[in-house]
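One chain, subunit A, links the two complexes that follow: it is found with subunit B in the first and with subunit C in the second.
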Partner chain A sequence: MSYSKENVESIVNNGISRRSFLKGLAASGVLSSFPGGILQANEDLNTKIPYLGEKSYQTFRNACPRNCYDTCSIKTYVKDGVMQFIEGATESTYTRGGCCVKGNSYVKRVYSARRLKFPMMQVGGKGSGNWKRISWDQAMDIIAKKLLEMKKEDGTLLGAALTKYSGNFGITHYGIEGMFNSIGYTTRLAGTPCWPAGIDAQNLDMGDMWCNDPEEMKDSKFIILWGVNPASNSVHSMKYIYEAKKKGAKVVVIDPVFTEAASKASQYIQIKTGTDGLLALGMAKIIIDANLHDQKWLDANSKGYKEYKAYLDKEIKLDNVSKITGIPLAMIKELALSFAKAKPATIWMGYGMQRHTNGGSMIRAIDAFVAVSGNIGKYAGGARYGHLSTWGFNYAALSQPKPEGSVGYTGPEGAKGEFAQVGGEKAAYTDRFLNINKTARELINAKEPKVRLLWVACKNVFAQDFDRNQLIRAFQQLDLVVVADQFFNETAKWADIVLPVATQFEEYDVNVSYWHYWLTLNEQAIKPLFEVKSDLEIAAMLSKRMNQLQPGSCTFPQSVDTKAMMVKEFNPGIYEQFGIKSWEELKNGPVKAKAVIPYADGKFKTPSGKFEFYSDKALELFGSALPTYLEVRKPYDKFRMTSPHSRWSLHSQFQNLEWMEDVHPEPYVYINPEDAEAKMVKEGDTVAVFNKQGLLRLKAKLTDNVQAGTVLMYEQWYNNNIYNVNELVDDTSSDMGAFKTGAPGVALHDTFVNFRKL
Partner chain B sequence: MQKAFLVDGSICLGCNTCAMACKNQYHQDKGILWRKVREIGAEEYHIDNNNILPTLVSYQKAPKAEMPMERFYFSLACNHCENPACVAICPVGAHTKDPETGICKHDQTICIGCGGCVKACPFGASKFNEKMGQAEKCSMCWERQADGKTTACVQSCPVGAIAIIDLHDPKYKEYANAAPIGIDYAINAETKPSTRFIHPSMPKEVYRLPKG
Partner chain C sequence: MQTTSRLDDVKHLRDIFNAQNSKELKVAFDALNSSIIISEEDLEVQFNRYFVGPMEPIADPFASIYIDDPDVVMSKSTLHVRELYETMGFTNPLKNIIPDDHLGVELDAYYQLLYLEEAKEITYLRELRHYFLHEHLSLWVPRFIARALEQSEHDSKAMIFILLQLKSLLIRETTTQGVTA
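And then the complex of A and B:
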């Protein structure tokens, strides 16, 4: 047996489960507690299937569109219309033939019995668990009527809000924003919880966020992995790091946690959380004092070096640096000097480091250190953070005109997020932007008009946003919550209507990465299962219904073909950058952008055109022109909590799959033995971890991978487990983010908790 | 020739990509893994529900390894033994040892589900599938290899921490007696397991914040 055609058809035809007694329930329409308990009975559809030889399969090009550095190029093997297995594309030197543990679970994701299959309505009210299956027509009718009614009553559609983030980063998925553009001026949860403080920092320093090709790292002579753990979260980068190490490069990991990457490095340096910026400033001072800085490069390419040096001379005392960071001075000196002597040398900065109240300032300080060492604009060098330089698509799906006569927001205009910064004509009105990182309170507080309808797509609000109690309140006061997703997650439980969404294997799209430089086509490999639709098709259906009810009320195309939409995203610029003549060439495999070394020409998109140690913009927006030392948030409870990304999930995706449960079944809190002893907690004990925000119960593991005074829990969503680390996070902002992404980031890792044995 | 897995604990990330790549290829039922990424220093092998380990075999304690939790691993599947117990015990010949490659194959179309191999294998490599009432195990992706590909696990390992070697090739002599450190493993089993190990080590320099 396998996922044979018959098997799959039988699921599709029988609906929620093959169990016949459930068929009756499904037909009668009312299902309570969908889809928990018995409705998930059908987990094991399959067992060993033989490999039948390359020629027995049809193959398709796909991409992993998740919010992951690696954005793998996938080759999908299909037989009789059923996905059999996937491989990483061998054409991409980055993916090199294999996905990660998550990517390899895709077949199970597509055919999981836990998938959402039909549009459903929660007839007993939000959170009641009383669901009824409805048709797509009914769903669209309810939503369209609600929108038109709101428009009539409010005179605008600002009462309709969209929250969409990184569930699928495919380019046509900006069609979800396009759908909201096409109905009028609306409310958007804007900003990013991910990396905004660092984006701002890099833009202040260099006028862009732009990193060297990760594949170059193989030729780096010195690599600092600073607060980044590619051994978990960018596994495809590790081969370059290993190669460099093999060739004699020193690989140093600086991290508060002894991470998987640290365990494979040449040197691990533990640092007190939130003091990394100070360390970088100290290191810069050391190499300048030793005359190992690149004066020539600095003279030609930087602005404000003098002021920066004066600040280091006056304010940075090395003894203090050692005391505050917790690292012996001799070690800091050795690190700084050997980095400066190795050429090319590079630093990769992770996103966790900037999720602090001083996060942006830390990234600026590290940028400055790399600049002083003369490694900016060099092959295999660079201050690496991320890039969007291959994202120059048309955003055709996104760019939908407003219906004539639309009325919108007249307040000050904000930025729209980090990815699709499409220049539009200055209009009399704009959308209304709320801070995505304060979703709960922003939804509650929005007035004139208040938010009445919320559309959730590519996002699991209850897993990723903060302040659960407020979120429940916010959802409850909304008239209509629509959640478009693939699984019945916590957010769906608080929805009025859930819409089943296609996986990337059931639609066309095109994908690039914010880390590497490959471009991948995503083809439709199988027919959509059940009644699932792509986000674009959902938008088209909504448009059709709205136009039937009120002609001209929605400009989105009323029928779409995801392939045609994908083709529209290409332009000559993309073709030129990737050296192809047509998107069709991508059927032969992914292609890589022509090599460019960021800033090698000494041109920076800052106001001065140079690397800015001294930034007027930074002074204006954040009160400090120079990268200076900012103290991190003061503790408000006994232990710091750190909640990094797990290797088993991408935010709330993947960990919920049956196969993932086989390799990683449950969450743990990791506690330093010293702290555990004080609290009389032993390995395997169940503990309560709590703070002013909430309380979690889970098993403890004791390890000095985490430093004393810190507890670690991964950010994950499990099926049938209420564990959610974000319940403990308040929504305190990081220092930067508002400049380029519309809203500051969240100081996630400045969360404090206490714990006790249960 | 004796094809064998050479697993490199010095670079293995413990990412489980290999174990999942195997599921991706063969769709084992929930709860069954033909390849298991075993954590060095953590003794979870005996309690793995899916391992029925024969009591007669002595599980020599491997050389002790003081390794931090969840950082160092060996990725293990069937050991494609030189003298396989599964082949010896199977009453219907569902297990065979390929004379050319040394791969120990299991054929589910022949297997009658007696469970002999599951009990005989000193490594718990042969699994019992309750639902099908049959045994199943890693057959080193012999169909893929015959088709000119490498195994699913080897192909997808992001760092090349699993290699397929010929144990009889003098090139690999140095690995001949390398027993794994830090995991329970029937090193001296009469079946003569073919898997070979490269040991991990901690980074040369490790600095941790002082206590208190």
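And then the complex of A and C:
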């Protein structure tokens, strides 16, 4: 043989033979004779230290920035510049050393062969599938020229639109909005498809959305998980719920669907979809009638209790409550009374419940019930929905001034979104806001000027927005669509230019949660792969090119370092809240905010300073001052369809990884056996699910977990499947959302369909 | 192909897989002397569909995909190749940016090793080159070629030509220059 395998492997792996081999190599003249290519001769060949075949681990702090309650603190192990594995940080009592099935796939996600690697341009038209590589300089040149041309022709940059949402909730990622701020007044897809109706409801009631620390739940005596399934979607919260249950607390799940959380609870109550508000009103009536309400707290801390009680007395008939909710009256009474007797007791409301045409009113009704029971402002109590109380960063990346002389929209300014609450100066012009929940329609209809350029970041429009056919039309009429992402998805398919974006392991950032109270540093752990760049670097490159072409046309810094940008987000308020002197302390691990019990001091940020059963603002905006019973949308087809989150993906993220597809290979429609029988559908049959919006073909699974009259399909993007449940969803709004987030939410779960066997 | 030199063949194929734009790709492709007439843009569009993306390409040009895990780069075999390069006296300016086992990088290493022997008559690394060829390249490149050729529906003459050139290079290297015993 011309080589000996053993010999070579000993040279590579054995310190001593490797050392002498390298010495010989240095003497052989090899190094000066290599012709050079990608690989270069190593002039600093180290033959002195015997090679040990083992390079040591470096560790880095990271966070999971996905749109997930848990925002895990992560410790990343890197060897020779390559991520080896990650683990949940042990310093956080919330993450407590473990991630979820999604987080555990991060190494595979970062090194997925499917990552976008280079900036590319679609040359045969949108959707053609003909792609060419372009350099970053070329990409920025095309985009910058288009922007400047539009500005010249339209007199404004309102023809440039940005749609960005929850793909990465790191604070510096608001630099994407910052990039759009820095070029002038532009068009924004505003609002949130997620939780806006509930945000409005809580703000009307309490002047804020502010929940107790989830870790307190371990000491709750009664927990209602109302339309929320933490066993799938906030796995780290479950340990507190288990602990409480072990200590004797009752855990009740109220949900139209028998979820995994329901299977772990003390009791499961199946409720008819969209009637939760009525149940809460009925429960309040029951405890008031039984004199178990907290009159003292109500007297001191609430406004409009009298009117609310009068409403309950007059309008709420318990027999009706039972009939409409589908829950036996005795069960409702038992639930209400035992909740009222247990102290502290708490309710956790999920985000699905408010995705109805009466969603905000239902959250208000539940808030009111918790208030009546005297559990607001109490340790381990509270009406839990979410919070942004640890989000008081500087938003330095976001806050970029407009170039001098910028001209914008002269219509009224509204709220822009829920997270970055930066006070804007009152200006003569504003950006133009289009409703993110009606993206397709709004893009098509926007006039004077029409939208010509769309930038998509941290978002997969085609997986999460509604009305696919209209979306294709909307995208096709745009001059230039830029999609900045980590993976090639359905939205990228309709782009002109795709830009490969860094993962959180390839950049610095800082993360907090909308649920727990931990603060986590996100360090750059590895070099960005291929030609990927962070969103901030992309903004800087665009700024550079724009300023070359037209000095002063963009105010974004022309070069950025994600670490320096991250440091700029900290302020004394954050340091004080988390009890640290400098962000550098976070290198030792995540830290938790000093404990505060929301509203324990009886101070509410409502106009009256009290908990408002009666809200003038609600009357003004939504036509009802009180949390009243509002009937849910009337069916327009035979079956209700709900589309909750799956545990295997975060919206469209993670589901594209091949191994995730192994455990969760294809979408199903879940049908109650009774309904299936009527339609002669058997387990595994392929069915068509259809309505006035569209039609989907998929396999059926029969289960009692969904009630008769309802079908269930998980929302998410399946990599090799055009399945998207949103094709059946119209964009009908929920009742609230416009107050605090700029646009109402979507009544996703008020979708109706029919199905038949194929 | 028989008329060009062994060294040139590797070099042109290397340059094809390392091309960063249409122009570089076309120059390298034309150097292979095929009779195929194709525009720069068409060549690149086809090349990207086969090997680059952004959509899932027909055949990913990374060893790890064929040896370790069909979905992941930068895995065990990548690091094995990295160790080999280091032992051969190379440093890689693209370390941790482009996986060390990308076909273009591997062909670059192979070309440079061959160059030492052919042009400089230095044989110090010959054994390592053979090892690299037989114990690494031969483990995955044939599978890579087979996967790409299977997708005949795309029927790209230029891509088929590139793949066949690569195949014949590999066959010649392994049979006439490699293990004889």
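Heads up, the rule we're going with is that the second predicted complex is superposed on the first by the 702 of 758 C-alpha atoms of A that agree within 3 Å, B and C clash if a C-alpha of one lies under 4 Å from a C-alpha of the other, contacts with A are read in each partner's own complex, and residues count from 1 in each chain.
Here, a residue touches a chain if its C-beta (ideal position, glycine included) is under 8 Å from a C-beta of that chain, and two chains touch if they have at least 3 such contacts.
Remember, it's a predicted structure, so these values are computed and weren't measured experimentally.
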Quiz item: Where does A:F530 make contact in the superposed view: on subunit B (first), on subunit C (second), on both, or on neither?
Solution: second
Practice problem: Figure out whether A:G97 sits in contact with subunit B (first) or subunit C (second), or with both, or with neither. | Solution: first
Exercise. Report for A:I86: first if it touches subunit B alone, second if subunit C alone, otherwise both or neither.
Key: first
Exercise. Based on the superposed arrangement, let me know which partner A:Y268 touches: subunit B (first), subunit C (second), both, or neither?
Key: first
Practice problem: Answer with first, second, both or neither: which of subunit B and subunit C does A:V123 touch in the superposed model? | Solution: second
Quiz prompt | Touched partner set for A:V235, first subunit B, second subunit C, both or neither | solution = first
Quiz item: Just subunit B (first), just subunit C (second), both, or neither: which does A:A440 touch?
Solution: neither
Quiz prompt | Intersection of the subunit A residues that touch subunit B with those that touch subunit C | solution = 2-3, 44, 108, 658-659
Quiz item: Along subunit C, where are the residues that touch subunit A in the complex?
Solution: 14, 18, 20-22, 41, 44-45, 48-49, 52-56, 60, 62, 65, 69-75, 78-79, 82-98, 104-105, 108-109, 111-112, 115-116, 119-120, 122, 124-128, 130-131, 134-135, 178-181
Exercise. Using the touch rule from the top, collect the residues of subunit B that touch subunit A in their complex.
Key: 11, 13-17, 19-21, 23-33, 37, 68-72, 108, 129, 131-132, 136, 141, 143-144, 147-149, 152, 155-160, 202-212
Quiz item: What residues of subunit A sit close enough to touch subunit B in their complex?
Solution: 2-3, 43-44, 46-54, 85-88, 96-102, 104-108, 231-232, 235-236, 238-239, 242, 258, 260, 262-272, 326-328, 331, 647-648, 658-664, 674, 701-705, 707-708
Practice problem: Enumerate the contact residues on subunit A facing subunit C in the complex. | Solution: 1-5, 7-8, 11-13, 18, 21-22, 24-26, 28-31, 33-42, 44-45, 80-83, 108, 111-114, 116-118, 120, 123-124, 129-135, 488, 492-493, 498, 526-530, 657-659
